[in-house]
Amino acid sequence: MDMFIYPEYEVVRNPDLCIGCRVCERQCANEVHHYDFDLKKMVADSTKCVNCHRCVCLCPTHALKIVKSQDTYKTNANWENQTINEVYRQAATGGVLLSSMGNPKPFPIYWDKILLNASQVTNPPIDPLREPMETTVYLGRQKCEVVRDGSGKLKNTLAPQLKLNMPIMFSAMSYGSISYNAHEALARAATELGTYYNTGEGGLHKDFYQYGPNTIVQVASGRFGVFKDYLDTGAAIEIKMGQGAKPGIGGHLPGKKISADVSATRMIPQGVDAISPAPHHDIYSIEDLRQLIYSLKESTAYKKPVIVKVAAVHNVAAIASGIARSGADIIAIDGFRGGTGAAPTRIRDNVGIPIELALASVDSRLREEGIRDNVSIVVGGSIRSSADVVKAIALGADACYIATAAVLAMGCHLCRTCNVGKCNWGIATQVPELVKRLNPDVAAERLVNLVTAWNHEIQEIMGGMGINSIEALRGNRLMLRGVGLNETELKILGIRHAGESL
Amino acid sequence: MLKREGDIRIPAGCAISGVIDRSGKRMSGKCMIDSISTMHDRSNGLGGGFAGYGIYPDFKDFYALHLFYDNTAAQHETEEFLKRHFEIAYCSAIQTRKVASIKDEPIIFRYFVSPLPRKLESSQLDEEEYVARCVFRVNVEITGAYVFSSGKNMGIFKAVGFPEDVGRFYKLEEYEGYAWTCHGRYPTNTPGWWGGAHPFGLLDYSVVHNGEISSYDANRRYIEMFGYKCTLKTDTEVITYIFDYLLRKRKLTLQEAAKVVAASFWATIETKSEEEREQEVLLRRMFPSLLITGPFSIILGFEGGLMALNDRLKLRSMVCGEKGDKAYIASEECAIRVIEPELDKIYSPAGGEAVVYTLKNGGRRE
Amino acid sequence: MAKYVIIGNSTAAVNCVEAIRSLDKEGDILLLSDESHFTYGRPLISYLLYGKTDFEHMKYRPDDWYTANNAQLKAGVKAVKIDPKKKKVELSTGEKIPYEKLLVATGSRPFVPPMSGLERVKDQYSFMTLDDALKIEKDFKKEDDALIIGAGLIGLKCLEGILGRVKAVTVVDMANRILPSILDEEGSAVVQKYLEGKGVKFFLGDSAAEFTGEHAVTMKSGKKLTFDKLVLAVGVRPNVEFVQEAGGACNRGIVTDEGQRTTLPDVYAAGDCALSHDIAADTDRILALLPNAAFQGRTAGLNMAGGSAVFDKAVPMNAMGLFDLHMITAGVYEGECYEEKGDSKYKKLFFANDRLKGFILIGDVARAGIYTSLLRNQTPLSEVDFAMLEKSPALAAFPPAYRKEKLTQKV
Amino acid sequence: MKRIYVNEQWCLGCHLCEYECAFANSGMTDMAKALKGKEIHPNIRVEDGTDGIHFAVNCRHCSDPICVRSCIAGALSRTEDGMVQIDKSKCVGCFTCVLVCPYGAIMPDADGHAAQKCELCTRNLCGEPNCVKHCPNRAIVYEDRG
């Protein structure tokens, strides 16, 4: 018999408010709620609850809430309830623990220990409502020869670049891990915003080829859905070497998520597990990567920038330096808090390093080597707000990838059970009735709202610093100060402590 | 204790002025002293300086190195270094006069030098780059020595004090040049250091600057990738390096360099002709990290001319005036009127609008 | 001179005026009415007696309707003749009113078959007009026994109106069941049982042989009944005489085309006086229903004002309430039948040749219009999920394209 | 004129609209107080079809409304901008409108004495259709589509 584990969260219903409309019952794919005709009232089974808040949000009288249950084992700072429960689970199943979304453990969040500057007296703040405040970013290699034509005009010798209206893109989430409607929403929002979304490793559904100019197509170790049309359709190609949530680990999309459409898009049989190997089996070294980069460039006539995405790991600066010299146009670095549709819990929670430190060390390293303008740097892995974006850019990033914030905008409540495939918000699921819950009209609008709001905030913050173009913020670490950071941390981040003058 | 330039970054508000006679006729430095002194209140006595072009006709083929030494040990070490790398045509202390307000003067020396041919050849560098690198080495490696002027047939003169006092200190009325710039400094958090005064120069580029740029660290961290060492951490220093990089190393024109540094807004670029649009977009895409934001008005001095440039929002005052062959640039109109009351033309250039005055007989390309 | 003359002031007439005004804001409109009331909802007279409405609320249109539509009402006059050649209507007063376009919306009148001794009955009433109802309201007393001859729609609506006003009501009809025009036999029995539960006495399959006195009648069966008040609701006859005499074709009603044109030039007919083509039964007949009068009046009006409208969806249909029992019926009761019968439910759907032919709903009438639409549109049942519709009317049973058309765009 | 349109592609069949409608027309400001323990009689009804098909139906505010033509009492009428409205004081509950409405969108009210229908929340305090406002998936929208 399995050890009974008391649910971590409990559904609490206010009987005075519940009108028995049964919306919660209809909306819970986990079948937590049902109307008891004998008792003539709604009842809930908290053991099934994943705390996705769908019922809480839809209850018209706000009769529901979900609370952390108070049941506890004998208090033990070392053996916490969750730790004990995980032992019980593994003792019962013999399996690897799986989780989703980003690392929830209380590691330091460096963003929150960095403060921003503003102008006072000697240098005027700029009011973004009165003056232009530019957030347009071009991503790609900037290093090029100055060449003139006969009339003395400069010739464009730049490698292909991506133009972003704001330094924010939607990070890779594959069709398969997220739903058709979620993909459509991301594609439409990226198009409307003038930025990019990323197919992830699941190929690109035919319906979305129309959004190609705002699509980054990913080539990952499984090579799902990669063929000529796919590469030609995207605005850029991203080679995924690793992912912040699970560095060194491949992917595994269970067969039940391989619907007919997903199967066609990924070019794999329906209902069969989709396995992404941990490495690319044609890339065992940096020179192999260079070959793949140039293979992809060759096959797309050198018209598209190539992004190489790596997880933030200990040696990331050296790795990035190698990538910057391998023909990549953009390096994407994914921090250890990045989200995922499914990852082994132990990997998610223990592997990789914070994006803030990875970014700072990569940017510094590339500058020391004089090759920072070989590549643009895009960072992801828990960019939570416009302030994080501003700090990332001041540390040296060209742009940020957001995904967790994007799915939150679409409705996700971070219940972290994407791996189960029954997402009540219609995002991380392929079940038609659940997919339907995400109207792309609504989701795209919310994504546009979010990014537009962030961009306004970025402009406000820049204006406060007296900076009216995002280029002048990039790598401008003097705009940052640390609080509560030790010497090593400050040194890696390349910033001074708050209170230290300019 | 207050730190000096180089230890910390010093923003400053200031006054600038410049004049050029496009016919090439040389003027005494006195006109600049007169001009800057009208803007006395824009300085606080913590720095002033001048750059004169065409002042060393007798040594016009030699790099004129002006140095500050804190002590003779530094001087000896530096001179050893110079001898290893240059042929020194002439060297002497720079003549100064006693001015009550100018205190704590360092040892101030001038060398007219030319790279040793064998050294230059083995360095595989062009001559200017060779000189520039030597200047960086002195400034970075030799404690107590500082090269503050390194161009040909031009010289920078600066000190801690009000600019008009500095001018008198250096006896600038005795120098004659076809172009002059000057600067009165209003730093906000330094005791002022001689080397930190403006103009800042590298080779024949000199910059006087009024403002406080917000893009400083983005610019600095970028330009340092190309061998520049921002030892002073001042705006003027990084601006000078940016122009040196764009003009000398990347061979951009002055106008192109201005479009990098004070780029038109994207929205403005949209409204331009296709050709202009292409060029300006290209420049912004090639050198995004050299965009300078925040208030600035600068006069860039170079062999054969001056360029005036404001930040793109024009957050600092700057006017240009013309009278015959003479052209004037200053923070305030009064600084021009005081030396030329009857102008043919006076106007205020728009933000980001580069105004270039060059010698009629051919200075540098625009 | 009025461009448009309308004989009548009820449903067909009012809808005709509104239709004219939708196309012609200017042309003068004159309505002629032999009643002296503001236009009122004729079927409301039973509700007036039943107490569900009052004189004020019976107005079929708002108080400013005539002025808002720039229509003149000449009330209390009787049109007696049409001169189609001279295009004039003659009134009983001899006045001749010229017209460019004429609508005959003269309705119908009670039909009283010859009954021996009827002249002996002083307190006899018909139930057609507001004046009839007002008279009943005034005359009928709590202690009266009422006898209604006729168990059709008029008779039973009168019953509903007066049951609470008198001591007892007895209903007789020659037919052997009630509401034969709208119910099948089983349905009649259900309703009859319901009414009997309210204390109503029925004598069916029987008729008055002779009124033997002011308050007594002997039935054909020999049964003798007494009463205080007698209501005659045997039937109605359409008022077709004007048209007939003027040479217009008339059958059991005025013959019109689908645009409500009579055979006389510029003369139109609509309402209870005019024939309709019943598409459910594929036969021409009078469909004395208010919606039908409205559709016809509107069609006539549009055509009179120069439009081109057709009304080709006439089906018999009724929504009928007796006390708290509601029934909705339509079409004809032929072909295969789907039925559900329960305590509070009686439902029959008749279908043949891939079409719904008719239906009867008693009790639960919700969303009956979906069935009616199948009938009026002659929708092939193979195009819908009829099995689902049998259970309950639902748009879900229609093809998605139909729903898209109806629910996602203006209809 | 703005009308309510439904898109069954996005209807989840949650039936929230029915409760929001009932609440909107309850005249109360507290939903629990208005609806708790009561049977609701909303003007909008969700149909739950087969294969996960759901959609809400309420008055289409037809441009040539058959219910208005058929009303025996003149209780149904069309406002100047095209909304079909009901004057309950005139309605006698004959349900001829129920007989003719092809959408089944007009219905007997709670006590069965008169008809009721959607009046786009113009007669309550909402100001805008409450079903639209609370539809969690924009399956019901209030738009001018001609």
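A, B, C and D are the chain letters, set down in written order, and residue numbers restart from 1 in every chain.
Rule of thumb we're sticking to: a contact is a pair of C-beta atoms (placed from the backbone, for glycine too) under 8 Å apart; a residue touches a chain by one contact, two chains touch by 3 or more.
Being a predicted model, the structure only gives us computed values, none of them experimental.
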item	value
Graph distance between chain A and chain B, where chains that touch are linked	1
Chain centroid nearest the full-protein CA centroid	A
Between chain B and chain D, centroid-to-centroid distance (C-alpha), Å	77
Between chain B and chain C, centroid-to-centroid distance (C-alpha), Å	102
Between chain A and chain C, centroid-to-centroid distance (C-alpha), Å	69
Gap in Å, rounded to a whole number, between the CA centres of chain D and chain A	43
For chain B, residues that touch 2 or more chains besides their own	none
Sites on chain A at which at least two other chains make contact	none
Residues of chain D touching at least two other chains	none
Chain contact graph, described as a line, ring, star, complete graph or other shape	line
Chains that touch, pairwise	A-B, A-D, C-D
Residue numbers on chain A that touch chain D, as the complex places them	16-23, 26-27, 57-58, 60-61, 63, 432-433, 436-439, 441-442
Chain D to chain A touching residues, read off their complex	9-10, 12-16, 18-20, 23, 31-32, 35-37, 52, 134, 136-139
Sites on chain B touched by chain A in the complex	8-13, 188-189, 211-219, 221-222, 224-226, 250-252, 256, 263, 265-268, 275, 278-279, 282-289, 291-295, 312-313, 315
Chain A to chain B touching residues, read off their complex	119, 122-124, 126, 131-132, 134, 136, 138, 142, 144, 146, 153-154, 156, 158, 161, 367, 370-373, 396, 465-469, 471-479, 501-502
Contact set on chain D toward chain C in their complex	3, 5-8, 47-50, 53, 55, 57, 60, 62-63, 66, 69-70, 72-74, 89-90, 92-104, 106-108, 112-113, 145-146
